[in-house]
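For reference, the structure discussed in these notes is given below.
Each chain gets a letter, A, B, C and D, in the order it is written, and its residues are counted from 1.
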Amino acid sequence: MAQLKSFVRPGLIIYLVVISGFLFLPRIVSTFNLILFQYGITFAIVALGFNLLLGYTGLLSFGHGAYFAAGAYGVAMTAKYFPDLFSLEILIPIALLISFLISAIFGFVCVRHTKIFFAILALALSMLLYALLFKFYHLTGGSDGLYVKIPMLFGHTFANMRRPQFLSGFYHYFLVGMFFAAYIVMKCIVNSPFGKALQAIRDNEVRAELIGIRVRRYRLYAFIISGMYSGLGGALWGFVNGHVTPDVSHWIFSGELVYMTLLGGFGVFAGPVVGALIFNFLKLYAMGSTEYWMFIIGATLIIIVLVLPGGVAGGLARLASRIKQPSDKGAA
Amino acid sequence: MTKKEIGRRDFLKKAGAAGVALGSAGIAGGYITPRKVAAQKRAIPKGPIRMAAVSFLTGAAASPFGIPGMNTYQMMAEQYNKQGGILGRKIELLSYDEAGGVDAQVKLSRKLILDDQVDVTLGYISSANCKAVLPLSDELGGLIMAYDCGTHELMEGTTSPYKTPKYSLGFRTKAHLGIDNIGLALYIKKYFPDIKTMGGINQDYAWGRESWLIFETAMKKLMPHVKVVGTWWPPLGTTDFTAHISALMGAKPDIVHSSLWGGDAVTFSKQAQGMGLIERSRMAWSRGEPYPQEVGKEYPEEQIICCAGTHYFLYPPHDKWPLNKYFVEEYRKRYGKYPTYPCYHAYQAIAVYKQAVEKAGALVGGWPTIEEISKAVVGLSIQTPSGHLMIREDHNGIEDVLVGVSKMTPDFPFPILDPQRMEVYPAHMVNAPVGIRTVDWINSWQS
Amino acid sequence: MWPIYILNGLYFAAFIFLISLGLNIILGVMGLLNLAHGSLYAIGAFMAAWTITRLAEGASIFILLPALLTGTALAALFGLFMEYFLIRPMYKRALEYQLLITFGALMLFEDVIKMIWGGEAIYASTPFVLLGRVNILGNPYPAYFLLVMLLALVVGVLIWLFMAKTRIGVMLRAISLDREMATAMGLKINRLGTFSFVLGAALAGFSGALVVPTTPALLGFGMEPLILAFIVVVMGGLGSLKGALIGSLVVGQTRSLGIAFFPEIELAVMFLIAAAILVAKPEGLFGR
Amino acid sequence: MLKVTNLTKDFGRSRIINRPSFEVGKDEILSLVGPNGAGKTTLVNLISGHIKVTGGIIEFLGQDITFASPYRRIKMGLARNFQITNLFENGTVLDNIRICLFSNYGKIRRGILPATHYKAITEEATELLDIFGIGNKEKLFPPSLSEGDKKILDTAMAFALKPKLLLLDEPTSGVATGDKFKVMDTIVAAIKKEQVACMIIEHDMDIVSDYTDRVLVLAEGNIIADGKPKDIMAESNVKEILFGVRD
């Protein structure tokens, strides 16, 4: 009991408010805004995993779209080739498995490097997946992408439903449930000895190696976990979007994932979640209000980087230490 | 406005159509005789019809393609509004850019249907966008009319015979790419029976892949001796075709089939001319109609060009079909160019919507629901500037198809289709019957 | 057709080389990956295309000169602004901010291009058409492509001479070899950083201006070349000029021969070669 | 316990470590002295596996570890501190120690329960901090510690790995002169208590003679003298090298 108490502590009330808010959302907002929120929630799952790598391990990947695509295509290609297996309880593990495999292979290559090398390598590898998804037209639908139909659950079909009905009904609760499960698991990971080891690697790679942490291997673990989070987000996104294209493996999409994380602030655990939710609304409303929406979100990004580096959820204290970090490392 | 008045106005127009002003009457498009049943009157909403038009406004496909289409929507919406709108409601045209990829279009369509609650979406040039967006019509409950995309898979099932319609609220107000490629094959068989080899360069997505599939299937049936020496698949939006062109030159096909469109077609033409491909092989363009005008004098002669239907500013001849004369003149007056096939397609989309609403409105006595409108679309047969268009029960339009070769004449500053060698293949020769897949249909031909 | 395939590969390598050269100089001297490099390339291309369409009436091949000049100059100017207002405040900040600010600049520039030149494609093929074709072993080949190769070669040699023989060049190399040592030696890193950034931007603009007569200037024009330049840089080794040369030759020939012989999977072949090199030699062919 | 034979290390063309050979015995506290640039820190880096050896052999507990990974060396019982303190600045003092203990006990892969759940490890960390006299600072972050405390924490972290041989690189540099002996008292007391062998790099000859059993003198990458502190001090060539004084 004491353990449980220490586990949730003072945030309990906030959590309860947020959970019930999420659950009641279908009754409060319009279908369109609900779906927008669901996009946000799937990205929030991705951002949680992404932040394990960026915020907690100190690796900036410009290629996380690849694992997102792995999850999304895992679902869509199952729909195409094994229509009988098109059931949520099978699809989610499939998506996790595929994103596990791809992030393990790509991660193995990437974690040999850090900093800019790592970022470029991750980018190049995600573009490799993009090229494969793009070029193997007969297998993957090429740039047309693949349609994702409404899935079953334990033999129950939602076939006679329109997608908004499905999304604002059962699927919404499923999604919120998945999100909170992902949230809690990630919270556990970052507070566990394993999470502390990752933070040690981020703070001081040399010392971490010399207190007996196998740095490269732990980086790989972090990479795989964050890749699987991306895969989960991608799979859940696939049902919301109803269509997947290779664009999600393109580095521009990966750049948007970085954007979200930074917008919310990667110094704070819940920051990227906030960022993902805000980013979706920002992008859509920018797109809706002007032809020059890229200008708006580009300028917003620049302003955030220049003025508010801690992001919206901003850890300003963290900012101070992060800026100091490179000079210390150089001296070591 | 009462029903009776509408009827009278339509009647007057119909009468007018018999006279000289057939053109404008056709545009007004009234061939509906309202039933005089005292059905329950339904209110006609006060506000304007919110009509979303989606077309390429930026990027390579904008200038030769998306913008002419959008121009036509604007022109027609204004025309209709001048004549009193549709069932008395004015059209409010909301224009959107089709650029940004499939995913952006899925999001946009969602916003249009769920958030903006538009009455109808007319649009989509890219087959990829159509394939992604049309399923949304039934999923979200919005009326979508695809106006230009060609993929035959859009409305076809996976086996013959397939069940129709695939989407109850999704339509395509034109014929699919089958007509272009079957038309090309028939034309090549007639005019160039001596060819021995062929190659292909098509964009790497549904449109290009399926265009080649139909062309190859038809050629195998019609000219089985012709060998395929290679096919190339540049992605949509390629700006550098030089490697593809030299590969084509290396393969030396007699005929190069291409379904490139938009900026890609212009870029490819320029580079192919620069590298000398045109002198070695004859191009067969499944959608080549806009580009002579776009490129101008430099456009090579003797290219086989298909018009994606009978959409050509010189066909049907203006003296025999005043509606085309009217359309070409009106468009030219406004935009300084001759209308190209996207313009004709845009006309078809907006005209089909108008006539379906009027037909359904007459039946139900008021403003019809989208389900009623979509029922009214089926079986609709309308006159368009290029002739006749019929929408079948598979929610797909069927049309005749026009093929010709380019030739420079003193009358125009760009090559036109040689009037001596124009061929029109009627709809029944180039469209598979309802419920039969195009490929299966071609394979069933008696050779 | 073999000579033509090879020539095509060389032509493609030539302009990818110019782009990746700029990218690599910036990367080497400033340790910064400029994600907006493709946009600078596009700005050069749009400016040159605009110049050509203005002057096209009755022009001779020398129309290319003002086009190259204006394209290069405008890209350099954008580079200067970008460095001064966006990159400079980032010098002391962590990597993620530096990368993200160039990502922001990328989005910004794409729309700035749209604001200035509109959303439609600009065709500026006059120089390409004017130069006509030459005969290479019985095959026609556009003379303009040969000109592109020649100019890329000249620029490559000039940059090499500059890096090897001039004082500024030697200082730039010193910084890319060991930044801290260079600081300790009293080199003005900031000013040299600005210089290298503008140089890189100018090279991007130059290559855009050089290529635009053969292709239309389009929105998103810089995206594909940027990716290819990334591959070149990763293959050849970060910051290595020799690597940029070899890497672009590999990319160019892979593309040309790939399209000729494996048209179905050409793009994937290129990435697979890059991946193979990286697995065998993670720091790239000439990386440190 | 540690045996180094003909070790060499080249940086480019210059040879920094030039074939020194020596042994460290069990429970021995040994100091390594020498002028700046003699290669003392490099030698420690080579032994800890932080940098790669050019030639020669390093044996530890009878096994050849010349090319072993740092991880393996640590698991065998070889730990070190750093001359310029090398801490995890975003964790508290307690976290810094705790992560070392998790690593030592092989619990670092536990990814579900929070770190605070492992009570025994937290207690041990607190004890260890008490032993090193910084128990009252466990909630602080390293940047707010004094130089001396940072040094002590750095040493404590190495100590938390339960080494058999501890390499200490100038544990008192940067510490105020008055505190030096206090720091050394703390460290040596802890070392003696756990019976850990120790090799200390040191400049301060008072510390060398007060705390260590044996002295190695390193100059230009090689050992030039080896013996009891008193004897070594007396040798004239050593004096010349260390203090620049000629008899």
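The rule is short, and it goes like this: a contact is a pair of C-beta atoms (placed from the backbone, for glycine too) under 8 Å apart; a residue touches a chain by one contact, two chains touch by 3 or more.
Here the structure is a predicted model, which is why all the values come from computation and not from measurement.
Here the chain-to-chain distance from chain A to chain B, counted in touching steps, is 1. Greatest Cα centroid separation from chain D: this falls to B.
In this view the innermost chain, defined by its CA centroid being closest to the centroid of all protein CA atoms, is A. Centre-to-centre, using mean CA coordinates, chain A is 42 Å away from chain D. Chain A and chain C have Cα centroids lying 32 Å from one another.
In this assembly, the C-alpha centroid of chain B lies 79 Å from the C-alpha centroid of chain D. Averaged C-alpha coordinates put the centre of chain C at 50 Å from the centre of chain D. The multi-chain contact residues of chain C, meaning those touching 2 or more other chains, are 114, 264, 267.
Residue numbers of chain B whose C-beta contacts span two or more other chains: 97, 233, 235.
Along chain A, residues 134-135, 291, 325 each make contact with two or more other chains. All chain pairs that count as touching, in label order, are A-B, A-C, A-D, B-C. The part of chain A that touches chain D in the complex is made up of residues 3, 6-7, 188-189, 191-197, 199-200, 202-204, 206-214, 318, 321, 324-325, 328, 331-332. Within the complex, the chain D residues that touch chain A are 48, 50, 69-71, 74-75, 79-80, 82, 84, 86-91, 95, 98-100, 102-104, 107-118, 143, 157-158, 161. Only residues 30-33, 35, 134-135, 137, 142-145, 147, 162-164, 241-243, 245, 247-248, 284, 287-288, 291 of chain A touch chain B when the two sit together in their complex. Taken in their complex, chain C has these residues touching chain B: 1, 4-5, 8-9, 11-12, 114, 119-121, 123, 125, 128-129, 133, 139-142, 144-145, 214-216, 218-221, 224, 255-256, 259-260, 263-264, 267.
Here chain B touches chain C in the complex through residues 57-60, 62-63, 67, 97, 99, 230-233, 235, 237, 239-240, 242-244, 246-247, 249-250, 263, 266-267, 270-271, 274-276, 279, 298, going by the rule given at the top.
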